[in-house]
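Below: a set of structures, written as structure tokens.
Both complexes below contain chain A, partnered by chain B and then by chain C.
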Partner chain A sequence: MFSKNEKICIRQLESLLILDLYSRGVLFLPRLAVEAANQDGWICLIGATILAAFYGFIITRLVRRFPNDTFVEFSAKILSKPVGMVLSLLFFVKLIIFAAFELRIFGEVVKQILLPQTPIEVIIASMLLIASYLVRKGFEARARLGEILFFIVFIPLISVLIFVLPDADFGNLQPFLTTSFTHFLKSSYDLSLTYIAIELLLLVGPFINDYRKLEKASVISIFFVGILNVISAIIVLAVFGVVQTKRQLLPFMVLMGIVEIPGAFIERQEILMIIFWILSDFSFINASLYFSSLIIKRVSKIEDQGFLVLPLVPIVYLISLFPDNIVQTTDWILVLRSFRILFMFFIPLVLLLVARLRKLGETVEK
Partner chain B sequence: MGIKDWFKNKTERKEQWEDAFHDEDNKITIPLSKKLDENIKNLEILFQDCGDFVRRKFPVGVNKEINVFIAYIDLMIDRRIIEESLLEQLIVQIRSVPPQMDRIKTSIYEFIRDGGLATADIKEVESLDEAVLAILSGDTILIIDGYAKVIVISTKGWPNRGIQELDSEVVIRGSKEGFTEALRMNTVLIRRRIRDTKLKVKQLQIGTRSRTDIAIMYLDDIVRKDILEDLEKRLDSFKIDSILDSSYIEELIQQDWMSPFPQIQATQRPDKAASAILEGRIAIVVDNSPFVLLIPSTINNFFQSSEDYYDRWTIMSFTRLIRFIAAFFSVGIPGFYIALTDYHPSMIPTPLTMAIAASREQVPFPTVVEVVLMELAFELLREAGTRLPGPIGSTIGIVGGIIIGQAAVEAKIVSPVVVIIVAVTAISSFAIPDNSLTVGFRIVKYLIIATSAILGLYGFLLGILIVLIHLVSLKSFNIPYLYPYVSAGITGYNDLKDSIFRLPLFMMYKRPVYSRHEQRIRFRMKKKNE
Partner chain C sequence: MRLLKNKLLIIFLVISLFLTGCWDNININRRAFVISMGIDKFVFDEEKDDPKLNNDLSRYRIAFSIPNLPKFVGQQGVSDEPKYTRVSVGTTITNAYKSLESRINKSIYFGHTKSLLFGEELLKDKVLLKQTMDVLQRNSDFGKSIPVVAVEGSVVDALEVLPDTQPMVGIYIMELFENNKERRSFIEEKELGNLLQDFEENKTGLIPRLIVGEKDLKLEGAAIIKDYELQGWLDEKYLKGILWLLKKSYRLEISVPYHDYYIAYDVSDSETKIEFSGDSQDLSCKISIETEGSIDEYILDEEMFQAEEIRNLEKAVEKEIEKEVLDSIEILQKKYKTDVIEIGKRLERQKPEIWKEIKDNWDEVFENMDFTVDVKVYARRVGQIK
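Take a look at the complex of A and B:
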């Protein structure tokens, strides 16, 4: 029943994962997709989702071999201690940097849409503090909050997508399939990098009460988010057309702005809509903070994780203020893009192969 | 836990109760003596200057050769029992028995115990501490010369106000009985509803000076053993001089002492307590308190009223929904209003913006000050109204409503919209069935007002997030506080049937998560041949 060992069930993991996966892409993804392959962008998104599911498959296969270990322990077991240590620290640095840039984008968007006169430092710091407050409450609390946020985020969002339909002109999607196959593959690969949160699965092993269902959870989460992304890309495309979509920095927000919900009396509902995105992004920032402090905890073997998150707060804060503006931040993210695939795909793949060769961990029973 | 540990270290020193008669826990240490006079002397010393202490030493038997001693506290006893079943027997009836002194002499104690007392409820104790406790609880003691044993005759009969109609948790349809101050009466009220030998009433005493009786009631085969053990461990973890109300127990055994939210439900309704016990929860009845504690409690319990199950499920489901919306309003409306008017006026439809702006034109304060001012005025009214006797209390309502509301608007101190906002908040907070939860929401409301005033809608959201994070981390006896809205998967989403909606009884055929896993089914249709 309810134990004190911080285990969560698969359903909770799914809602956490969906929130984390979703927050990354939603605002930019339609533009990125259209930039990559014009009106065929949404097809590339389907490809990206399938690729991400493949990454997820590799990662879950690896994690299933070591159900009681996180990345820190099993990388050390597979590739010797020093290499494992280096990889873990690299992972830590990566998580921190991406959390910081995500936070920066978050701050910029909130400032632009909600609080034009508030200094961005205040927005970033307050979000960071609240995210670390949740880290201190532990994994179980995160999972439960994820369950609640799931409904707060997705029910309004999906209903809004339905209300946009009258404005959509699906003629904008034509002509179909004009991109070449190699281009399609390349774009799919590029877009699949937005599913970066899938790498967090490398660290959840010990918290899952039924690790055999891990693969199912990752597939369900990725496809849930993937379908949502494809639908929003289609609708954005249908409403704005290729040229308009490329011109908007945050096409999805603009889309939210033009929705006319029948009977609604609130104006500028994109402000309300951004709330759902804030909640989902909060979940991602919190996840990054949680797992980076978890890596430190596991590496240093200190018991109290709530205490470990405090030194991370100023570090993330300073890194997030490093770029000058939102354009520079997105440039930075582009520069670091190739870094992402490392933990999403290559390192898990290498670890899995070596583990198979060395016959480490539990073998997957059929 | 930091402060609690620090506090624990501070109070680790023994309290200065020790004297010649008592140990550190205020227990009487001197033993019973075989000599009656010595026992009497000890009792006299213990009860020195206690004007309500009544005692009598008298000889029994035809030859008046054996002395006995009885003692009790005046008016805590039922005088009729003492006179009819005890004194008359001992003083009058025994004399008419032909004396066979040589036979009786060696077994005078058994003779009196078995043949001299015309009442069923007696017991023997062998320490002075228990004897004194019996006297102080309204029983009568009987000491016989030559024996280091005391017979305790149950004669409890103190004045109480009897079972009365409830003043809170009122229902239109359903029982009107309320718990009262006497422990035994309260356990009877529950027992009357559950005629099952598996309903256990475990009694213990807490409070080194008050020695308050506490009864833990549960259904032996339904209650979860881990929760019961946890409760017993927690009740055993502290020493306190007195328990004056069940809220003392609540405060001392709850998990998070810093939270504004109640983690243990208190009820005055016997039917609510009985239904909780039937769901596998544990009721703690505390003597001298009309409030019975129910553990474990989740936030869902505080939104349930007994009437939900007595009236039609459709209408009650709707009412439940209203309650949840009311709860959200009572927390969020003022903060939301501040965020919208101060930071995002463009979100409000233009005519309404104009109306709000026009009404605020001559108001000198910023919106936050206005709202907080009115909220505090309302808190003031509520506090003044609660403590005053009934007739004056309603005057306060009129004075508050008309003078403060109407006049403040006319004097341009607050805008009428803020009055509406505060009124809606107040009414919403009254729609929550449980008062202790309302209090929690009242505090949280100010947090959200503060964050919204600083960061607008973003701050409003952060405020809600802080509250949510706090709520998801709360646990009541290891059950998540937000259950079944979180982790409901553990019972296959069964408990959601009795959450925002109340489904018909036959659909809620399983007990909730508080009960033992193998004892979940509580309802089934009879088979045809049954």
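Take a look at the complex of A and C:
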């Protein structure tokens, strides 16, 4: 029905990008920031956001040169066909693996907090099937869902942050600025890797109706998420203090647990609030699935993308069940972390430079 | 064709009704809501305990207080008791409540736990206390805002009391905490989250002491914990002095000797500042307290309504507060040797360089530190008569 209608507007792109960027960081980021630089962790997050905006700038510059191509085509145009093919396949593998691990963490958290008796296989499979259903409906359906989810996700989230303020002791942020500058740079770089979803911009070119505003969209999304992340980190730190924040596996989840909504008669309201995280996570998994099937489609030049997602489902499912436990999952994510910078920064940068030298694509200035 | 499609649709919709539900579905009647849990170390009691329990595997004695729900909501229940108290002995806390599940016809649920009681023996045992604090964090059922109290004596006795205004001890304790928030009692309230933070950051902590009465319970004084071990019980008298420093709760009233009688000063607002001076060798601490309030009790036949007299009263109150604070600090320094007033934490925040030098022998520095107290009292109101 709508699957041919594949152009989306900038606002829709922003809401999708914000959801994808946010879901990656929200649960762990306050802990990672505090582990990196104790009570100055939130300052490193500001640095990380600026770095991420810079990566976003490089990527959007590159994409604007080739408004009708995705990564698959322009990498082939710039660096010859075989190299482009290899890069595209690498990108595909990376997307699949990250989607699988994200899915596993989703399963573990839901089993821990919501459904202790339900087998994790069922939790993962149901999420995966729903996500792949949406993938079959095309980019435009995703974009419209993104617009709806945006409000469902961020209104409860911001209300958590407000209601928790009476429990916050901002004295926990002192002493201020005790980290050395080199340490600050290194932590900022490490933390900037959680903004991994900006690399998805490499693939959205042909779907945007006004590609000239792409840069603005990436900057707005990254700073929106960045500010939210900094605020969340400050509040988590103010509520729990340094030692407790480091100790909690998922500090943000615990934060939701201590919210006392004035005058409310319900208890255990964190269960309701987990919904916002589930939805943003759904958006990320579905984006990874969509773009990995898109790469396959573009590489093999098949017209219809819908059925391509089906063979991916069992692959993602099996990879997600591969780690033994949540500790191993997070360990592997950490190991893979160093590879993230490839598609976030280095490969786009190389492509952009070569494209400039070879004078390929449209020039940005006009 | 169309008809067939509709029929198929209806069949699918009906089937979906039977497919709903999940593994975690449990009837509410089958849940045992643990309203309060009392955790204590197992100490063998020859008269009461089963001799089989006298072995190394019995480490915890845990009391669970479960409401008789039908009775509670005003229905005819199977028994008249408002609550059941079950005691279980186990090697770990999980072991204790799992083995309770084979004795009780319901499944144990901690999601609505309203208070935690720590027994004296538990507080004396470092390993058990650390394990307890771990499980209370690891298990996501326990909220971070559950009130925690320390019981001098047996936690089982505490949970079996039937206070006549509210039979559930757990809810009773929670409501005592709420009173404190509304400034009606003199305790330093501790919720699970704050306690964990105190333990892990400062290695010290205060837990309110629960006194068990015939028909009621009282929160008075506190247990002083240092490095996961009980140092002693702090009297209410000294706790009052400490409360001026902890800022979190105000004192309600202070009785001050004046001539040959006592006057009552009611505190409506107070602010405490703590400043440090000197270097790492010779550190001293200055505490400035500023408070506002009203004189609530005086004596007949005397005239209070003059600026000079008010000043005299304020001075008397100032002297009393200063004495109270200094006494409490002294007993912390000399008797308990524990910094529960977070002086170290404040030093770290104000002067991180000095803290770095002395943090390794902080206990020693704290015991010998000089404290000066500067109190400023304003009596704003005097009541209805002159």
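Keep in mind that, in the parts below, the second predicted complex is superposed on the first by the 360 of 366 C-alpha atoms of A that agree within 3 Å, B and C clash if a C-alpha of one lies under 4 Å from a C-alpha of the other, contacts with A are read in each partner's own complex, and residues count from 1 in each chain.
FYI, a contact is a pair of C-beta atoms (placed from the backbone, for glycine too) under 8 Å apart; a residue touches a chain by one contact, two chains touch by 3 or more.
Everything numeric here is computed off the predicted structure, so don't read it as measured data.
Peer 1: Check whether chain B or chain C contacts more residues of chain A in the superposed model.
Peer 2: Looking at chain B versus chain C, the one contacting more residues of chain A is B.
Peer 1: Could you look at A:Pro119 and tell me whether it touches chain B, chain C, both or neither (first, second, both, neither)?
Peer 2: second
Peer 1: Is A:Phe282 touching anything from chain B or chain C once the two structures are fitted on A? First, second, both or neither.
Peer 2: first
Peer 1: So in the superposed three-chain picture, is A:Glu147 touching just chain B, just chain C, both, or none of them (first/second/both/neither)?
Peer 2: After superposing on A, A:Glu147 lies in contact with chain B but is clear of chain C.
Peer 1: Touching A:Lys137, do we find chain B (first), chain C (second), both, or neither?
Peer 2: first
Peer 1: Applying the document's definition of touch, where does A:Phe240 land relative to chain B and chain C: first, second, both, or neither?
Peer 2: Only chain C; A:Phe240 stays clear of chain B.
Peer 1: Using the superposition on chain A described above, determine whether A:Pro175 touches chain B (first), chain C (second), both, or neither.
Peer 2: In the superposition, A:Pro175 touches chain C alone.
Peer 1: Taking the superposition as given, does A:Pro82 touch the first partner, chain B, the second, chain C, both, or neither?
Peer 2: Neither: A:Pro82 stays clear of chain B and chain C.
Peer 1: Overlap the chain B and chain C contact sets on chain A and report the shared residues.
Peer 2: Of chain A, residues 114-115, 118, 122, 267-268 contact chain B in one complex and chain C in the other.
Peer 1: Touching chain A in the complex: which residues of chain B?
Peer 2: Chain B residues touching chain A: 224, 226, 343-344, 346-350, 352, 455-459, 461-462, 465-466, 468-469, 472-473, 475, 478-480, 482, 485-487, 489-490, 513, 517.
Peer 1: Which stretch or stretches of chain C touch chain A in the complex?
Peer 2: Answer in residue numbers: 22-24, 111-112, 137, 140, 143-145, 193, 196-197, 200-201, 348-350, 352.
Peer 1: Could you please specify the touching residues of chain A with respect to chain C in the complex?
Peer 2: Within the complex, chain A contacts chain C at residues 112-119, 122, 171, 174-175, 178, 239-244, 247-248, 253-254, 257-258, 260, 267-268.
Peer 1: Using the touch definition from the top, list the residues of chain A that touch chain B in their complex.
Peer 2: Against chain B, chain A makes touches at 1-2, 4, 9, 11-12, 110, 114-115, 118, 122-123, 126-127, 130, 133-134, 137-138, 140-141, 143-145, 147-148, 265-269, 271-272, 275, 278-279, 282.
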